[in-house]
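Note sheet for the following structure.
Order of writing sets the chain letters: A, B, C, D and E. Residues in each chain are counted from 1.
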Amino acid sequence: MPELLILVPFTGALLCFLFPGHIRDVIGLLCAVLTFVASIILTGNIYQNGPIRLNLGGWKEPLGIGMCVDGLSVLFIFLTGIVGLLVSLYSVSFFSKANNQSLAKHFWPLWLFLWGSLNSIFFVSDIFNAYVVMELISISAAALAALSGTNASLIAALRYFLLAMAGSMAFLLGVGFLYAQTGTLDMYLLGAVTDGGPLMAMALGLMTVGLIMKTALFPFHFWLPPAHGEAPAPVSAVLSALVIKGSFYLLLRIWCTVFQDTTASPQTATLLGLLGLTGVIWGSYQAIIQNRLKLIIAYSSVGQVGYLFLLFPLVFITLDPAWKIEAWTACVFQTISHGLAKAALFLAAGNLIHATGTENLKSMRNIADRLPMTTFTLALAGVSLMGLPPSGGFVAKWMLLQSILASGQWWLAAAPILGGLLTAAYIFRILSQAFVSDDQISCCGHVSFVMEKSALLLAIFSILIGFRSKEVIFLLSEQVYFVIQGGIIP
Amino acid sequence: MTTLLIYAFTSIILFSIGLFGLVSHPNLIRKIVSLNIMGGGAFLFLISLAYHGRSPDIDPVPQAMVLTGIVVTISATAFALCLTRRIREKTGQCLLEHCPDKPET
Amino acid sequence: MMSIYEILSILFCLIGGFFFLAGTLGLIRFPDTYCRLHALTKADNLGLGFIVIGLIFVSGSVPEVIKLSLIWFLALVGSSSACYFIGNHIHLLSKVRENRNGPDI
Amino acid sequence: MNTFFLGMALFLVLNILAGLWRVLKGPKQADRMVAAQLFGTTGVASLLLLAQALESPFIRNAALLFALLTVMAVLAFVRNTSYGVVEDNNDEHL
Amino acid sequence: MGLIFDLIIGLSLAGVAWRIVRVREHFQAIVLFITFGLLLSLAWTRLKSPDIAIAEAAVGAGLAGVLLMDALGTLSSTRNQPLPGRFLQLFIPCLFLAGLMAYTILFIPADFQGLGPMVSEALPDTHLEYPVTAVLLDFRGYDTWLELGVLLVAVLGVLCVRQAGTIKGSMLPAPAEPVGRWIIKLLLPLMVLIGGYLLWLGAFAPGGAFQAGVVLASGGVMLWQAGHPSLALLHHVWWKILMISGFVFFLILASSSLLYNQQFMTHPEAKMWILGVEYAATLSIAICLISLVLASPARNQGDQRARKTES
């Protein structure tokens, strides 16, 4: 089953590259549905039967490359599946519009490649393999970011790409340092190495820096808003909801399996938490003062990514194990609900921009009248981002706050509280514009049914995930390859 | 051991020089060249490890990794250069500074 | 004790090295580009030729000899045509410059 | 014997380093290109000597490729500069 | 003598790299980068990694130089740009990082083993003779597959940036002088021959698909540089099929391993498989690299400018 999640998108990408015209849409959609179904089945499978490990080519580690599927990876796979399917639906309609038609032939192969490589990074269990997959992701993501072809998008894409390349190089050097210390590349064998010398510490530093550059944590966030803000709507949704999550996932894997108790030091974890906190406040503040709709949402991603990094001080600084698991679950939950909500927001923003023909927030009036569905979508996704009950965002932030209080690291509590308030500020700023009625601007373009509904469905999922928190917590605490306190289960 | 140390030191220096060039040089082509130097440094480190291994043969795993890395790097370089040229064509300069979109005629 | 082939080999390699030295000195010391091209083609290919001959003396088998001579031949073709291209290029450039500056002077 | 070949290779590398002076100095782009071509040939010789010194005959293939491919950069240089850019870089020498 | 050689190579690599980063003129930086490739190649040789040396020779001397020269050629003026004044601000952190990493290096265990012995132990099971090829195609075949994917995605990305459907770069005008044509006639068959030789060599000695692919790609690029129309004659469907062939070969292998209910990515134990995968990979590497060089957006502009200067 995990193999199909890689094979199907890649095959689809090749077919989309070979065939012309509308067959492409059919193939793309078909592959999206198949991949989605496969990801659902895989998630169910792991939920019931626990983690699995494949040895590619039949070679055992450390000689061969393995593929690991556990609770953490299926959650990301599941997120990618839902977002991928709905974004694919949306883009069939989006790219059939007259001014976008020529873009479809580049979009489909690149997007399916990106999907396949995202799926393979969630299965990764070999650090060099992770480097190759990351390059695959960076190139296809940068090409997609440059899809619209405007000056700003080209420059943003190149800036992202140069940064991603530098991050990969740092990661590669880190791989070298790890290999020098341990003589193996498999993550789980690396995790079993108990003596963490300076080489391990340096490798941890290099890999962490390389990955937070790609995840757009605070001091390295500068590339994100232009790259995500300038791309076409479905691409922004994918970049914000999935691509930065790919590198975050790898960061989690590396911290939790490779370095967990040997090298990961409280100081580094605190530093990451501090950067996350700064990111939450800075990103949300920037989102408030922007005037272009997509830039607001892009800056909001900078803020929301900050939350994820609160995981490190909470999990890696000694604490009651029960609360550790709570913090760990909260942050991963936040990743999922942010992914869903952000994709919904970007798709809805695409609808708005398509209908009103402008990106400026001030000139978007009357949309609540004309596009009630899209406005509803914005509101729902906003609820999840702000963390109001009963959304997924609420569950995540509630657990986060609880574990912060239990851990006694009071300063971290500023993130969910202040962040929530600031998020509310920019979401309401968008919504208040939507309800302003202005007689001068009355006409609104038509938005197709599929485009509206796929955005709405994503927003609904971001709320619904709040009701299924038990299953998610089970996947994250029981069905993973590692225990948060240290040691490897199987 | 000494050979390993000499080449490992060199690789570290190359990596840092490449990083310095990447952040300090405004021109895009030069940034890409600097990235290639960084890559050269990382590859040199891996190969010096392969040489260091005590078995009589050279460790083939880092060699295979570096071969893969070279392909990846040349593809990435070509892609980045293509983006650079496109930017050059549209904005008239090879810099990362933002320029407002001109209406295309 | 060294065999006669080894002594010959050392001799030829030394001659080759001398030509390389001469080529490099020419590259550094000669006054203009055409002269430097001269240094490149003559000295360098003779240098490579002598070194190849020197290595042929110690090489074990016929295929090795063939490969060595092929390398020498390719280097000859490569550098002579490169020189032609560069020379042609400078020549064209100077002509363009003359045309441009012609009326003024 | 092998030490002698290694020494010869080292001598050629030193030659390359000396030749770098011309690359730094210029003055024309063509001069730099001539230097690069010279390095190509010197590098071929040096690789051949190393192949002998380290007794790994397959290094000769690397030398073969250098001999085969160095001309490509020159071709790219000539074709690009002859068409678009007519100016040379350091006009102060003219 | 060996140590002196190492020291000199190390120092000159560092010096050349420093100069590349600091020099004002772009052209000089590129010529120095080609030299840097040569020095790296010597370093690989010294470290007894002929595979890497061959790959570096093929990439560094040929393609990287051509790519960078082409990119530079589109700059209508290569006038010096002032370096930013923030020298120390950026230099000190980099120096600090270098110092830190250099200190760390001293801790590399002296009894470092690596995976070498394990590979030579498992080598007979792969039916391959050369360990590097075995690692590339068998033990870590997944990496090689994805590497071909990276190459393919880079081409897709270039097409996307260019907003073009096919790869046909506009042809350069054929050279007027006979020498250019003569050299193509002479070198091209040799390139094909040497590419084939390297491919054949890969089964038991340094060489293999990537090196052969780069040599073939260099031949193609040279053909294009000389304005020869033969590349344009290839129908674009064939072009696409050749481009994806290596990736598809691995894909088919991976899917069929599912059908036989074996472990993912296992392959039949036959020499034919290795041969097939090598050949397909070589072809698609060559075609992808040619496409990457050919798909140059500024080409038309350059030609227009040339025409302007001529008239």
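Rule of thumb we're sticking to: a contact is a pair of C-beta atoms (placed from the backbone, for glycine too) under 8 Å apart; a residue touches a chain by one contact, two chains touch by 3 or more.
Being a predicted model, the structure only gives us computed values, none of them experimental.
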Inset, instruction - Check every other chain and keep only those touching both chain B and chain D; list them. - result: E
Legend entry - Fewest hops from chain A to chain C - one hop per pair of touching chains: 2
Inset, instruction - Report which of C-E and D-E is connected by more C-beta pairs in contact. - result: D-E
Legend entry - Remotest chain, chain B as reference, centres from CA atoms: C
Inset, instruction - Quick one: point me to the chain whose Cα centre is farthest from that of chain E. - result: A
Inset, instruction - Please find which chain has its CA centre nearest to the centre of all protein CA atoms in view. - result: B
Inset, instruction - Please work out the Cα centroid separation of chain C and chain D, and write it as a whole number of Å. - result: 10
Legend entry - Chain centre separation (chain A, chain D; CA means) in Å: 47
Inset, instruction - Go ahead and note the Å separation of the Cα centroids belonging to chain A and chain E. - result: 32
Legend entry - For chain A, residues contacting two or more additional chains: 128, 132, 135, 139, 142-143, 146, 154, 173, 179-180, 185
Inset, instruction - Would you mind listing the residues of chain E that make contact with two or more other chains? - result: 2, 9, 46, 48, 56, 63, 70, 72, 74-75, 101, 108, 112-115, 119, 140, 143, 147, 150, 153-154, 157, 161, 180, 183, 187, 190, 309
Inset, instruction - Pull out every residue in chain C that's touching 2 or more other chains. - result: 74, 77, 81, 85, 88, 96
Inset, instruction - All pairs of touching chains, please: list them by chain label. - result: A-B, A-E, B-E, C-D, C-E, D-E
Inset, instruction - State the interface residues of chain E toward chain D in the complex, per the touch definition above. - result: 1-2, 4-5, 8-9, 12, 16, 19, 23, 25, 27-28, 31-32, 34-35, 38-39, 41-42, 45-46, 48, 50, 53-54, 56-58, 61-63, 65-66, 69-70, 72-79, 172, 180, 183, 187, 190-191, 194, 198, 201, 205-207, 211, 215, 218, 221-222, 225-226, 302-303, 305-306, 309
Legend entry - chain E-touching residues of chain A, taken from the complex the two chains share: 3-4, 7, 10-11, 14, 17-18, 54-59, 62-65, 67, 102, 105-106, 109-110, 113, 117, 120, 128-129, 132-133, 135-136, 139-140, 142-144, 146-147, 149, 154, 173, 177, 179-181, 183-185, 197-199, 201-202
Legend entry - Contact set on chain B toward chain E in their complex: 1-10, 12-21, 23-27, 29-30, 33-34, 36-37, 40, 43-44, 47-55, 57-68, 70-72, 74-79, 81-86, 88-89, 94
Inset, instruction - Under the touch definition given earlier, write down the residues of chain A that touch chain B in their complex. - result: 128, 131-132, 135, 138-139, 142-143, 146, 150-152, 154-155, 157-159, 161-162, 165-166, 169, 172-173, 175-176, 179-180, 185, 226
Legend entry - Residues of chain E touching chain A in the complex: 100-101, 103-104, 107-109, 112-115, 118-119, 122, 138-143, 146-147, 149-150, 152-154, 156-157, 159-161, 163, 165, 237, 240-241, 244, 247-248, 251, 254-255, 258, 262-267
